[in-house]
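Take a look at these structures.
Below are two complexes that have chain A in common, paired first with chain B and then with chain C.
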Partner chain A sequence: MQDMNLTDLFVSLTDKVGLNYQFLATGYEAQIWRDGFVTTLYLVVLLIPVSLIFGLLFAACLTSGRLWLSAPVRAFVEITRNTPTLVQLMFSFLVLNTFVSNLVGGAQNNPLTPFFWVVAVVGLHIAALHAEAIRAGIEAVPASTVEAARGIGFNQLQILRYVEVPLAFRASLPAIVNNLINLVKLTTVGNAIAVSEITYASIMVWTQRDNVVELMIVILAFFSLINLIVARVGLWVERKLAVPGYGL
Partner chain B sequence: MTTATLLEPRKRSDLLRTVGFVALPLVILVWSFIDLTLGRELVEWIPYLASGFAMNIVISLSAMALGTMVGAIFGILELAPYRLVRYPVVAYVQIFRNAPHLVLIFATTYIFPFEIVIFGNYLPFPDWVKAVIGLAIPASAYVAEITRGAILSIATAQWEAAKGLGFSRGQAMRWIILPQCLRRSLPPWMNVAASITMGTALASLVGVHELLHAATDASTAVRRLDFTIIAYLVVMAAFFMLCYPIARLTRRLERRFNAA
Partner chain C sequence: MNTFANNAIVRLEDVHLSFGQTEVLKGIDLTVNKGDAVSIIGPSGSGKSTILRCINALVAPQSGRITVGGTRVDQLTKESERIALRKRVGIVFQQYNLFPHLTVLDNIVLAPTRILGVDRREAEKLARHLLEKVRLVEKANAYPGQLSGGQQQRVAIARALAMKPELVLFDEVTSALDPETVGEVLWVIRDLVRDGMTSILVTHEMRFAEEISDTVVFTENGRVVDRGSPEQIFRNPDNPRVRQFVSGLSGHNAMRDGEGI
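Then we have the complex of A and B:
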């Protein structure tokens, strides 16, 4: 009851300044819109760990020094970085998805949803950007440090796990946070294949209500807020992990 | 001996990069020759796809031109000594730097009218111009940040020296500070240009006839799975051939400026 009154108050107050938020008082459209916000947040929360895990994996391949590992990953990274995400998404959804459908015998058996493809494409796209940042960080680890680790008897994997990655991660953290902000923005491409994130939900509302400006104000505020939080958390992690005396 | 071993991996990676650059077009070419019916179909559609790609280039050039002009001015205003000027500009930059390109393209497309009236004359306001504005907004926000960063990176002693020589603040900015900023801000500016160029594909979602839209048209008209694949490969190859050289050049410039 209290919640309902607050909504009504908001609607009538904004109505006085000429903004039309009347759909919030209706059940159906308000529900679509709320679900849009939730889907976008869900995408962001899911994509951050996915992109980080694959980014680390790609970076490990890139710096492995083995051509059969680094060359395919390098090719993937370059293609991903230099073609639009939307094109990658359409390609995956229209081509790869059709292959999978044919493989399992018909689209009705295909377990892969548009939501899956958004996570896969955006996640791997940002992972490629992470990989570049982490690779630069790994290459910036002083050779003497790596030699010292080898001298203690660490093998290649242990050096990566205990020496290179912790130092590289700290060095590349600003770039990674930047990529995560891009990630938040990229979730909107889901619109193209009917994933009901916030822009898709908003189109549903404004085609009925003709209140684009009102919805835009909220969407811009929403993305500014998420990105502010991501940037702040990034800064906090950066401070938390800072190694005293390690020149960064 | 040591120089030879040092050069060897570099040469190898350069070779790989060159191979990478022509790999996508090569795949398309070889495939069209293996399956000639597919090749003929593709050749038929190439002019249509090319007209779409021309639109991508027009949108990206106009958006970057507009965004750079506005962004450079905003970058300077961000450092203005008056709060009344500074705060709105900082707010603009923060909001639109954090906004998804797609949201801004939707905003300009649906908010602006489809025609404007000037002195009783109805001028059409086509969708692609709206897409240009939609992409110029984030471009201007990025360029403003780049300009601000470049101005701040110049030693304050130079401002003082200029003052000592009798330059006013505006004159010092115009003749001493900004020329040095140009060089420093070139690599990040090129990054923005590449990102905006890739953003032009988003215009297909509001019905602008550009490359991705053209490829979708072509694949629905032909109705062959292999043609769909090759059409999207052409789209990827086109964007890759445009953006990859920019990225390579950016990295080279960055390395050179860092060394200097």
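Then we have the complex of A and C:
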């Protein structure tokens, strides 16, 4: 009851300044819109760890010095960062997904949803960007520091774990945070394959209500807020990891 | 030298090493006895640092025999064998090369805990003892970037000692330091040598080399030109090239003396 009253108050107040949020008082459209926010947040929360895990994995492959590991990852990185994410998503959904459907004997047996394809395509796309940032960070660790670690008796994996990754992560953190901010915005490509994230849900509403400006205001504020939080958390981590007297 | 042969901990015989077309070592012979301090001197580019890197298998020579405490270093084929060797041979570098993201204490504790599997508390106890030795106890929680060059180098020495090595290699450890902090590092090394730590030093500190060494080796162009007691090399060099080198450096040494080594 309390909620309804607040919604009604909001609708009448905004109506006075000429903004049309009347759909909020309805059941169906308000539900679609709320679910849109939830889906976008769900995508963001899922995609951040997915992109980071694969980014680290890709970077390890790229710097492994083993061609059978680095070459395929290098090819993937080049393709994914040089082509539009929207095209990748459509290709994945229309070509790969159809291929999978045929393999399992029809779309009704295909467990892969449009939501899955958004996570896969956007997650791996941003992972490729993370990988490049982390690779650059690893390569920026001075050869003399690595030699000292070898001289002490560390093996290759220990050097990576205790020396290279901690230093590389600090160096690449600003670039990683930038990638994450892009990731948040990239979730909107889901709308091309009918994943009902916030832009898709909004289109559903405004085609009925003709209230584009009203919804846009909220969408822009919503993304600004998420990315403000991402940037803040990034800054906090950066400060937390800052080493006194060291440039990174 | 042969009379002490049984006591040798490091022996290089006819070691040849090239980087691509560049011949760096052209037949190095070197014997270091347990508990001795041996200084390798000579002009830049004579292969001094490369000799040290051969001893702990950071680089591999094309030919020749290298023996370190019973291990034929030149015959090691697996990285795990080289790692086993490096645990026994400490090395300290010109640029200190501390791990910048770790505190002084963690720099010293990392290798014993992660490589030797020493209990963290025990490793810290040893680390604090070593910091006392290098007179840096109060800096245990500082980061390398907060220390002067001389302090960083003393931490690097403590880090090498934490592995309880059989011998320590010092690669021009004072060359990157400003003159005021050279003394504090040499002071630490002098103590180590007096305690009987087998040490091989590549150095440009002639006055220091003369004071602490049991043997001084003069190298040039990848060959050992002369070797002998400090007295022989610095006071009565037979070899004309050594004589020329030593006399050319005397002025530089006099200046360093004034800085209070």
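By our rule, the second predicted complex is superposed on the first by the 248 of 248 C-alpha atoms of A that agree within 3 Å, B and C clash if a C-alpha of one lies under 4 Å from a C-alpha of the other, contacts with A are read in each partner's own complex, and residues count from 1 in each chain.
The definition used in the following text is that a residue touches a chain if its C-beta (ideal position, glycine included) is under 8 Å from a C-beta of that chain, and two chains touch if they have at least 3 such contacts.
Everything quoted here is computed from the prediction, not taken from an experiment.
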{"item": "Which superposed partner A:Ile181 touches (first chain B, second chain C, both, neither)", "value": "first"}
{"item": "Which of chain B and chain C A:Ser144 touches, first, second, both or neither", "value": "second"}
{"item": "Which superposed partner A:Asn82 touches (first chain B, second chain C, both, neither)", "value": "first"}
{"item": "Chain B versus chain C as contact partner of A:Pro244, first or second or both or neither", "value": "second"}
{"item": "Which superposed partner A:Gly153 touches (first chain B, second chain C, both, neither)", "value": "second"}
{"item": "Partner chain(s) touched by A:Tyr162 [first = chain B, second = chain C, both, neither]", "value": "second"}
{"item": "Partner chain in contact with A:Ala192 - chain B first, chain C second, else both or neither", "value": "first"}
{"item": "Touched partner set for A:Ser224, first chain B, second chain C, both or neither", "value": "first"}
{"item": "Touching partner for A:Phe91 - first (chain B), second (chain C), both, neither", "value": "first"}
{"item": "Residue contacts on chain A - larger count, chain B or chain C", "value": "B"}
{"item": "Intersection of chain A interface sets (partners chain B, chain C)", "value": "none"}
{"item": "Complex contact set, residues of chain A against chain B", "value": "71, 74-75, 78-79, 81-88, 90-91, 94-95, 98, 181, 184-189, 191-192, 199, 202-203, 206, 212-213, 216, 219-220, 223-224, 227-228"}
{"item": "Chain B residues within the chain A interface of the complex", "value": "16, 20, 23-24, 94-95, 98-103, 106-107, 110-111, 194, 198-202, 204-205, 212, 216, 219, 225, 228-229, 232-233, 235-236, 239-240, 243-244, 247"}
{"item": "Parts of chain A lying in touch with chain C, wherever the complex brings them together", "value": "142, 144-145, 147-156, 158, 162-163, 166-167, 170, 243-246, 248"}
{"item": "Residue numbers on chain C that touch chain A, as the complex places them", "value": "56, 58, 79-80, 83-84, 86-87, 90-91, 93, 95, 97-101, 110-111, 114-115, 142-147, 156, 159-160, 163"}
